[in-house]
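Before anything else, here is the set of structures, which you'll find just below.
Both complexes shown next keep subunit A, but they swap its partner, so subunit B is in the first and subunit C is in the second.
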Partner chain A sequence: MPDTTSSQVPLENVTPRPTDITVHRSVVCTFCGCLCDDIEVEVQDNQIRKVKKACLIGRNKIMHSQSNSPRPTIQGREVSIADTIAEAARILRTAKFPLVYGLSSATTEAQKELVEIAEILDGNLDNPSSYCHGPGVMARQQVGLATCTLGEVKNRADLVIFWGCNPMESHMRHLSRYSSQPKGLFTGEGRKGRKIIAIDIRPTATTKAADQFIQVEPGTTFETATVLRALVRGLKLGISDDNALVAGVPLRVWRELAEAIKSCKYGVIFFGLGVTQCRGRDLNPEQLSVLVREVNDFTRFYAIPMRGHGNVAGCNQVMGWQTGYPLAVNFSRGYPRYNPGEFSVLGLLGRKEIDAALIVATDPGAHLPQDSVRYLRDIPTIYLEPHNNTTTGWATVVIPVAPAGVAAAGTFYRMDNIPLRVKKIVESPLPSDEEVLRSIKEKIVHAQDC
Partner chain B sequence: MLRIANGRVYDPQNGCRGELADVWLHDGRVVSEPPGGEFETIDASGCAVLPGGVEIHSHVAGAKVNNGRIMCPEDHADHFRQHTPVTRAGCGYTVPTTFMTGYEYARLGYTTLFEAAVPPLTARHAHEELRDIPIVDAGCYTVMGNNYLVLKVLSDPDPSSRRERLRELVAWLLWATKGYGVKIVNPGGVENWKWNHGVTDLDTPVPPFGVTPRQIVSGLAQAADDLRLPHPIHLHMNHLGEPGNIATTLATIHALSGHRTHFTHLQFHAYDVGERGGYASGAPRIAQCMNEHPEFTCDVGQLVFGPVTTMTADAPMEFRLHHLQKNKWANVDVEMETGSGVVPLVYRPSVLPNAVQWCVGLELMLLIKNPWQIFLTTDHPNAGPFVAYPLIIRLLMDLDFRRSWLEKLHPGVKRVSCLHELTREYTLDEIAIVTRAGPARALGLGSKGHLGIGADADVAIYRLGADAQSMFSQPAWVVKHGTVVVRDGELTASFSGRPLGVDVQHDRRLAPDLAEYFEKYSSVELDNYVVEDEYVPDLSLVACG
Partner chain C sequence: MGGLSGLLVTVRSSKQGAEMMTSKLSEDYLREISSLRINAGDMQTLCVADGQRARMKSPYGEVTVTCHTADVPSGLFFLPLGPLANQLFSGANTEGTGVPDWKRQRVTIEALETTSVPVEEHSHDA
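Right, the complex of A and B next:
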C-alpha cells in the first residue's frame, strides 16, 4: 500500500484560533473550470466544518469531500487497497488493447502517471474533452484561437457574449468573479459598463442575466458565425430584407451585433457545448474562431472555451507536452499517434475494441452513452474515485482515493490555462491518485522486467 | 570515476585549443588526475572533447510552447521516437514534446538550456514542463517588460525611490517565479497591442502608466545591475522583424550603453531598408556597434529554411506574421503582464526577405569579431529548430559550403547583403565559444561551459572529421553529471537535470501598495501566484555578485 503521508505538504496560511479551528485561506475549489482560489475553509479535528465564499456546488463539494468514500473492491468483494492495486496491474499488463481514460479532475501529477501507464502498455489514452470541448481543440488545430486570461476579461472587457453556455448554473461564480460584475482596472463601472449578450437556443439563467438574449434555432452555430463574419467584413449578403430570418433571428439583429462587436474596445466570447457539440462539431468553433480572428483587424476580440471539469484544461496541457496531442492518443507503435474518432473513448467503446480500461477522475456511468457503459461493464474496468457514484457500483476494481484539493495537493489548470496549486487541507486515510497510479505503474514495469 | 583519455580538448575558458589531454570526472565534477583508485576510461582518440553545450535562448517549455504543440499536430506525425527501456516516447520537429526536447538536445551534446520567456502567471506551467525535459539542467527567464507592477513602479517620479523599488520588485518577481533572469519582450509594445494602439517606438508613452520603452529597458537594466544578477537583462527589442528596424535597434543599444545587456535573436533586429522599402541587411552597422561595446552580448537567432513555429510574447508581431501567410494564429493576452502569439511559417530560400534574414544572421556571426559576444541560437523554434545547429556550424566553418548555399538563394539577395564577400571561417575553438563557453559566461554560470577543475562533469565528445555538420550531428559520447547519456547518437541513460535559479537577497514580500493593487485586479490570489518550491525540487541557486 502506498505511503499516504509522502505527499504531505506544509499547510499554508494557517491561523490557529483558541477553539482549535484552523482556517485555510486562498483554497482552490476544484469543481469547475473557474478554479476559484479565494475559498476559506475551516477545519477542526481534521474535519471540514465550514466553507466560505464558494458557490453552492463548490461549498457542497468541499463540505462533503470527506464522506461517502467507496470501499476497495474486486468484483464487488471488499479487499485491501494493496490487493486492488495488484489486481489492477495484473489486468492492465495482460490486456491486449487497454484504454486509459479520464484525467479531467485529477492533478497534473496524477495525469502524468496515467500518460506513462498508457505508454508502457502501448495502449490508448483519452479524456472527456473528446466529447465535450474536443471539437474546439480540433478547431484550434485548423485555424488557431485568439484568447485571453480571465483577468483580462475582468479588467478590460466591455462586451461579453455567452454563446451556447450557461455559466449561471454550470460555473456559478464566473459572472461575479470574471465576466460580468467585477470592477476591473479599466472597467470601473463593473456590470453597468459591460454589454452582455447571450446566444442560445432556449432561455436560461444566463440569458436572463444578459442585456440581450438572441434566441437562435438549434443547429445554426455555423450559419450564425458565417453571417457575422460577412457582416463584420462588410460583405454583401444577397439578402435585401433586414427582417429576413437567419438562424430564426432577423438579419437586423445580427447587423446590430456585428456593429457592437466591431465597436467594442475589448470583446470576449465564452463558448460552451452548445457550440462545440452542435451539428457540424469542430466546424462550429472553427468558424467562430475565424470570426474572432477577423474582428482583430478592427479591435481586440477573443474567445474563451467554457471548460467544464476542474482540470480538463490541465489534461489537454499534460497530454500536449508529454505526447504532442491533447486527446485521443494511441501508443500501439510505441510512440504517440493522434486520431480523434479512432482513438477517442466513444469510438473505442462503440466499436468494442478495447479489452480493459483504467478510468480515473471522471464518472463514465453518468457521462457516457448507455451502450458504452454496458460495454465497460463487460470488460475489466479499473476505477479510481474518491466518492461513491454511478460507476463505483459496477467497476471490476474500485480503488478509493483521497480527494484532490482537499486531502491531496497538486496542480490544476483553469479554463484559461492558468495553473494553480490545489492544497491538502485535511489528512485522509486513503492514498492520492498519484500514489496509487505510481504503484500500479511500478508493478506493471516490474512484471515486464521479470 | 571516469577518465576521458587521449582526446583533443577544446576548452576556450581555460585556454585549451585542441591540446591532447585527459579529462577526469568524479562525483559530478571535473577533477585533477587522481593518485589511484578505480576508474572507467573513454578512449577519445581522434575526438574533440568539449564542455557540454549551453543553450542561452530557446522556447521549449510553458504555456505558449504547449499552445504551439497542441495547435500543430502536423508538426509531430512524421517526427517521433519510440519508448525504450531508458527513454520515453515522444514526437515533434519544431515543437517537440518535453522528453523528445531533452533527448534531442543531449544528442547534439547540449547539457544546459534556458527557456526564453515565462510570464509570472504561468510560471508553474513552465516549471512543470522543464521538469519533464530530461538530462539537461534548465532555467527560465521571467518576462517583465510589460508587467503592470514594473510599469507602475517605473511611473514613480522620484528617481531614487523608483530605482530602489524596482530593484526590490525584480528580486521578488524572480523569487516568486523561480526565474533565472529578467526577460523583456517588445517593451510597452505588447501592452499597446491590448489597447489596439499603433506602433511602439523607443519613446512612445505606453498606457496606462505613460512610461516609455526607453524607461522600461534602462530601468530594468539598472535593477539587474543593482542586484548583480549573474545574467543581465535579456532583451527582445521593439519592431522585431520589420525592415528598417536597425534605427530602433541602434537607438536601444545607445540607450543601454554602459549597462550589461544581452540582446537576443539580434538577426531579427538588424534590417535596413532596401529598394522599394524591402529588406536589406543592416548587419554591418549593428556588428560595428557591438564591436564598440564589449559590455554587450547577443545571440544570433539564425534563420533555417523549412518549417518553423513562431512563438513569442510579442503578440502584435505574431498578428503581423499571421497576415503575412494567412496561416493559423493563436494569441493569449495575459492579464497585467504580457501577451503571446503562435504562428507556424515556412522559410524559403527563394523568398527574398527570408534569404536576406538568413544572410543577416550569418553576417552578424562573421562580422562581430569577438566570439565571446555572440552566441549560436535559432531562437528555437522561431528562426529554425535547434536540431539545425550542426548545419549552421558547418556554414560558419566552411566557406565553400557557405558559398554553395548562397547559390540556392533568391538572386536579389546579393544586392542587399554582403555575405558573399565575407571569407571568415570559424575555428573549432570559436565554435566551442559560441556554443558553450560564451553563453555560460554571459549567464554567469561558473561551473559550466568549461572543463577546469571543479566544473560540472558535462562533456561532449565529437569525432574529428572533415565535415563539421556530421561531426556535430552525432557526438561519439555525451556525458552528463559524470554519466554517459549518449553513445554514437543513441540515448543510453536518462535522468532529471537540475533546475537553475538565482540567489537574490530580499525579504520575500511584495511592497504593500503593489500587493494591494495586485489583489484588487489580478484574477488569482497573491498567495496562489508565488510558485511553490515543489515545482523546482533540488533547485540549484547561482549566486549574485
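Right, the complex of A and C next:
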C-alpha cells in the first residue's frame, strides 16, 4: 500500500482512497404500504451505491433519494432555510383559514408536529387518504373491519382475494413477500397451497397471476358484495337462473366464490382503489366489511386495504390519536370537527375557502385535479419536499428536507397498521421534516406569545 | 374518422411508479403518464394505430394522449395517475365524500393522427 502522504507522490495526483462500503441490512423501503423491511443498501462515502432486494420502484426511490433536491426559495428567489422557515411561520400565523395537508410520506413524528400546527392555527388538517382510501376509513367508522396482519396472511391464509387492486404493479413485492408465494407456519406449500382469486374490471398482471379472474362491470362493487353476503348466508335471491348476470358475471360464479370463501381455513380480501373510488365510494368498503364480518360465522376471514403511500396508514393513526378523527379535521371552533365532504382537501380547495396552505410529504401538483392545483397556486403555499417535482416549481415557499427512511429516521405504519422504524443510513445537510416543522411551530407560538 | 365516448379510469402502472421515483420532470415519466391503454376495437373506430396520438376531453379539460392497444373492455380508457390525467378531473364536486370520479370520469376521445386505412388492414400491410 503506497503512502499517499509521501513527498514522492504529488498531492494533486492523489485520488482520496474510498472508504469501505457499509452494508445496511433490514432497511425499510418507504414507497408503498408494504414497507418491505428486508432491503439491503450499500453506502460508500455517504453515497448510496447499490440497493438489493427492492422492487423496481423501491430501488429507484432509494437510489435517487440523494439527488435532485430543491433549493430553499421564497417566490422563486433562493434564500437560506432559516429564511424559509421564518416566512412560513409569518404566512401561517397571518392566515385566517389555513390548510395543513399531506403527511402521507412523512414520519409519524413529523405528522404529530403537523397536527399541533393545525390546532395552534385553528386551521384545517387533511391527508391524501381523503381522496384515496378515505371511503374505506369512513366505512370502518360505520361497521368496523375484521382485519389481520400481513404476517398472519403469510403464515395462515389459504384463500386470497384481490379486489379492485393490482399489486403486481402498485405493490410489487406484496405477492412474493406476504400474500401468494411465501411459505409460512401453516402454509408450507407456499403458492401451491393457496387459492388466489382476482376481481377486477380488466385483465392485469395480478389477474394473470391468480388462479381465477372474475371480470366485473365497472361500478358494481356494492351489488357484488351484497350478492356474496346473501349467498354466504344462504338467502334466497329470487333469481332462478344460475346463468343470470350479476355485475356482468353469471350467478353460478358468485355461488362458487361464496362456497370457496366459506370452505377456506383462513381467507383474506385485499381491496384497492377500485373498491373505494368507484361508484358508491364508502358504501362499497362498508358492504365489503360487513361481508367479511359475516363470513366469520363460518371460518376465519379478514380484509386489508392496499394502502398506497408509505405512511398514509400512519396519518390516520396519528390524526386518530390526537384529534379523534383520521382525516378531514377542522379546528376553527377550538376543538376538532370532522366532515370528509366539508373539510377534506378537495372540498376546501373546491370552495376556495382556504387562504394559505402548509403541504408536507405529498405532491399536489401531480395528485390533485387541475382546478384544485390552480387554486393552490393562487394562495401562499409552503412546501416541504426532498425532491424537485411538479409542485416545487410554483410553491410560494419551498423548504428542502432530508428524505425519510434514508437521511431521517422515524416511524412508518404498514398497510396492516404495524409500526416499523425507518432508518437513517446517510447524512444529509438538510433538516428533517420533523425539525423544520418544530421550528415553524415554535416561531408561530412565540409570535403569538409576544 | 370518428370520436368515441367512454369512461376514463386512472390507474397505477409499474413504469409510472418507477419513473416518478427517478424524476417527475423527466421525458420518460411524461411519456408514461400520457400512455392511454385502449381496446383494439376502439382504436379501430378511432382509426389510430398503436403509438399514435389522440385528444381526450372531459367537461373540465383536455389533454393529448398516446394510444396503446391493451386487453381492456371497450369504452373504458386507462391512463396512469399523474398531472396529465388530472387535467380531466375536478375537485369541486365529490358528492360529499372528498373523492373525485377517479375511476369513472366521462370523456370523449378523437384522433389527432390517423391511419389512412382501418387499423387492422394497416397492420397486415406492415
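Operating definition for what follows: the second predicted complex is superposed on the first by the 431 of 450 C-alpha atoms of A that agree within 3 Å, B and C clash if a C-alpha of one lies under 4 Å from a C-alpha of the other, contacts with A are read in each partner's own complex, and residues count from 1 in each chain.
Keep this in mind: a contact is a pair of C-beta atoms (placed from the backbone, for glycine too) under 8 Å apart; a residue touches a chain by one contact, two chains touch by 3 or more.
Not measured: the values here are computed from a predicted model.
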item	value
Touched partner set for A:418, first subunit B, second subunit C, both or neither	first
Partner chain(s) touched by A:367 [first = subunit B, second = subunit C, both, neither]	second
Which of subunit B and subunit C A:85 touches, first, second, both or neither	neither
Touched partner set for A:350, first subunit B, second subunit C, both or neither	second
Contacts on subunit A seen with subunit B and repeated with subunit C across the two complexes	none
List of subunit B residues in touch with subunit A within their complex	61, 63, 65-66, 69-73, 76-77, 80-83, 88-92, 96-99, 121-122, 124-125, 128-129, 132, 193-196, 208, 319, 322, 328-336, 342-343, 521-525, 527-528, 532, 534
Residues of subunit A that touch subunit C when the two form their complex	31, 56-57, 60-61, 64, 68, 130-132, 134-135, 138, 166, 168-170, 172, 201-203, 205, 218-219, 273-274, 276-279, 281-282, 308, 327-328, 340-341, 344-347, 349-351, 363, 365-373, 387-390
Subunit B contact footprint on subunit A (complex, rising order)	9, 12-13, 25-26, 28, 37-38, 108, 112, 116, 119-120, 137, 140-152, 154-156, 177-178, 184-186, 265-266, 293, 296, 299-300, 302, 316-317, 320-326, 331, 333-338, 409, 411, 413, 417-421
Residues on subunit C engaged by subunit A in the complex (per definition of touch)	7, 9, 11-14, 17-25, 60-61, 70-73, 76, 78, 81-83, 86-100, 102-104
